[in-house]
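All chains are identified by letter, namely A, B, C, D, E and F, in their written order; residue positions are counted from 1 within each chain.
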Amino acid sequence: MSKAMNRNVAMLPGSFDPPTMGHMNIIERSAELYGKLYVVVADNIQKKCLFTAVERRSMLAVLLKDFKNIEVCVWQGLVVDFARDHHIGVMIRGVRALVDFGYEFELAMTNKQLFPELEILFMPTDPTYFILRSSAIKEMAAYGADISKMVPPLVAENMRNRIKLLT
Amino acid sequence: MSKAMNRNVAMLPGSFDPPTMGHMNIIERSAELYGKLYVVVADNIQKKCLFTAVERRSMLAVLLKDFKNIEVCVWQGLVVDFARDHHIGVMIRGVRALVDFGYEFELAMTNKQLFPELEILFMPTDPTYFILRSSAIKEMAAYGADISKMVPPLVAENMRNRIKLLT
Amino acid sequence: MSKAMNRNVAMLPGSFDPPTMGHMNIIERSAELYGKLYVVVADNIQKKCLFTAVERRSMLAVLLKDFKNIEVCVWQGLVVDFARDHHIGVMIRGVRALVDFGYEFELAMTNKQLFPELEILFMPTDPTYFILRSSAIKEMAAYGADISKMVPPLVAENMRNRIKLLT
Amino acid sequence: MSKAMNRNVAMLPGSFDPPTMGHMNIIERSAELYGKLYVVVADNIQKKCLFTAVERRSMLAVLLKDFKNIEVCVWQGLVVDFARDHHIGVMIRGVRALVDFGYEFELAMTNKQLFPELEILFMPTDPTYFILRSSAIKEMAAYGADISKMVPPLVAENMRNRIKLLT
Amino acid sequence: MSKAMNRNVAMLPGSFDPPTMGHMNIIERSAELYGKLYVVVADNIQKKCLFTAVERRSMLAVLLKDFKNIEVCVWQGLVVDFARDHHIGVMIRGVRALVDFGYEFELAMTNKQLFPELEILFMPTDPTYFILRSSAIKEMAAYGADISKMVPPLVAENMRNRIKLLT
Amino acid sequence: MSKAMNRNVAMLPGSFDPPTMGHMNIIERSAELYGKLYVVVADNIQKKCLFTAVERRSMLAVLLKDFKNIEVCVWQGLVVDFARDHHIGVMIRGVRALVDFGYEFELAMTNKQLFPELEILFMPTDPTYFILRSSAIKEMAAYGADISKMVPPLVAENMRNRIKLLT
């Protein structure tokens, strides 16, 4: 690892649209492993989101305010560029099961080719949370399903308000 | 993570029968990420090995002698017990591709159930080395294949001698 | 299973856009296993379909008219709500091969979390029909391929007429 | 389904060496779905087991004694022959995750070819239990791991005694 | 194989939007195996592409101009119809890893059902190139990533110009 | 491809213990694609087989006697060495479904590393035959199952005689 990279600083990128209990589990466990953890909200203009990147960052910032070593950021661009700019040595990716893994492996290979000094590590999701894919939760919420066990209360409330506005 | 667990100390367990270039790649990258790395040779009596656990430890110790933060050990028992005894916070597992992942995910869940404080992280193998499964290399060596790109020279020589003895 | 749920009543939800020979195979086999089978056409407004939900129900109703224990319905909403409303004890999902299974497993876990009393069972598709994915059939039909072995004659005719209208 | 086959009678075959909490979960849920459920202990002479088929049947019989519609049997031979002899219409197979599914799908196709009237249905395991593979539990128990959350108390005790005898 | 089909003539269909180093590797290896190889650019109107089918053909034609037995074509329609029209006996599909295979297997089954005389063979991609999915490369290029190791220089230059125009 | 390698000569290696209908399907289709096809019976001493390598070769030779361009051989050693010795340009591997593919991909990478001039191509098995794994057929035959649709009549008879001897 190059001198400039700091193995004690990690990043956890994602869309977080919205943040789920599964995300919270991975973030909190990662925060225990590193001196500093950046939670990076990807602002991908091509992806249609329920919440803006700023809204997603705000929700995460409130939910994670007790973790002194976590910083929540919005990033428009390649995640490896965020890593390079912040001298980050490790990227953590939560993997829920075999379903995720093919895509994650390929993404890791691509990012490693763009930025070989960055190590990408996969953290297995707690099985309790492994069903909580953001896209499925949004679809269920739109049909009025009870999502209170799938997302933190703050997120559930914001989703209800947002979906009310949309319909 | 419990106070007693040290997030700066990691372990990398395996059979290493024999150590391959792929193993070396994962070990060397892991050693960059932690202050201390235990490379743990599993001494599983039920598994028939080409080299004894002590021989495998010796080879690894020679190959890794320049890494001051690596310690090579032999362990007979559950890997989580090694982690508990040595206050290890992280276990690294190399994953070569989708083929490995189903088994690794299950193993991680089992170990997490036995010892919840331990975090298990998967490190993707460099594609250059992803074919180097120990069992395949042993079979190829037995048929006289050139394995010089698959294992370190020391291992290649030991394999040639061992196979000569067996035939 | 709660008293109100009837283990002799099953549902088979899907888009059925259009119904394929593979669907027919799963429906007919399921109808043999339960006293009553609801075939539920999902009316998902966000999904662009070739046939309206009412058209899909009509086709299925004609094709299945000889099965006295089958009822074809249109449903807009969560499938678990249909199950709850109709006191359905079992949901059947056809799985064609490994390709389907990851998604189906996750969907089953999600539905089970929303409605724990419902049992979701996977029925393996007959290999003869395992290639007949609706989306692929539509694409092939648009290019003039012979789809007469992939869908029932009534569906083939309706597809030809619909595609003529669209072009 | 042939007249002779009874859609209200199901079978659940397995090695059950030993029965795990995951097995119990699948068995109890299956018993709710059918009027009669045969739990069939496969007595495969080529497979080296920790407990004899009779011992496994005895443990299951004790554990399931409150389920009036469950009968535990030992069977030496093809499972489809058991189904044919007992006029069983449905075989249930628990599937824990993607890892199981490839093998299960193939096995189902083979059994269906040998006995087309039998329907084979897959029941997804509760994620809480999805790690409890019998072979892993035996290995852990041999190393003295605490398996009390993985198997029923009766099984845990029998395993401890058996392993003591072996060592 | 029917008399009219020529086992020495193969086709390699794809979107090639844009052609990658991985595509080049598969094309060049395939050209060694057959007397004549058609590289067929699929012109699928429903798919939004960065380059038009004619532009993609032109790039490939320039890149492959030294291969006397390769002909680059644009085709609007079913690939099996191209094969039938040109008496092609073999279709080659590059597969990068397990991720591709499920989809490819299904596509092969579908094409075989439409045109049983055509043999579809899968050629494993060189691991060096296995990450180079066209869609990922486009996304990276849009964010200004260095893609010079992922696509031939001509393609890299065309992508830079095209993306400049779009922004 | 090196001059010495002949792209019109292919090999199809396997254990063929015993040859199944699925094997016959892959062999016959491969024989249509090449001027010469070697069917290579692997004589792996470490693998316990029902039939000796010579017996397997004899069965295949009888079953394939009408194919003038097929030669059945026994080989003890690395398959790539057979390819090198016989100036073979292509190795065909039948793949039945996703289940096979992970292993086959890895094996192909290994063989390609040992002998880069050899191209390894995967031929998808006809779904009609995709369940016919040799090991499963042997187990079923041992229990007296009707295997007449799974293997050629000659093989079925030899299996019956062999199993009678063993019991």
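In this section, contacts are C-beta pairs under 8 Å (C-beta built on N, C-alpha and C of every residue); 3 or more make two chains touch, one makes a residue touch a chain.
In this text, all values refer to a predicted model and were calculated from it rather than measured experimentally.
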| item | value |
| --- | --- |
| Pair of chains joined by more contacts [C-beta pairs], B-E or A-C | A-C |
| Label of the chain whose CA centroid is most distant from the centroid of chain A | F |
| Centroid-based (C-alpha) most distant chain relative to chain B | C |
| Between chain C and chain E, centroid-to-centroid distance (C-alpha), Å | 34 |
| Intercentroid distance (Cα basis), chain B paired with chain A, Å | 30 |
| Contacts with two or more other chains, residues of chain D listed in rising order | 97-99, 102, 105, 109, 127, 130-131 |
| Chain-to-chain touches, reported pairwise for every pair that qualifies | A-B, A-C, A-D, A-E, B-D, B-E, B-F, C-D, C-E, C-F, D-F, E-F |
| Of chain C, residues touching chain E in the complex | 97-99, 130-131, 133, 136, 140, 143-146, 149-150 |
| List of chain A residues in touch with chain B within their complex | 1, 7, 29, 32-34, 89-90, 92, 95, 97-98, 101-102, 105, 108-109, 112, 119-124, 126-127 |
| Chain C contact footprint on chain E (complex, rising order) | 77-78, 80-81, 102-103, 105-107, 109-110, 113-114 |
| Chain E to chain B touching residues, read off their complex | 97-99, 127-128, 130-131 |
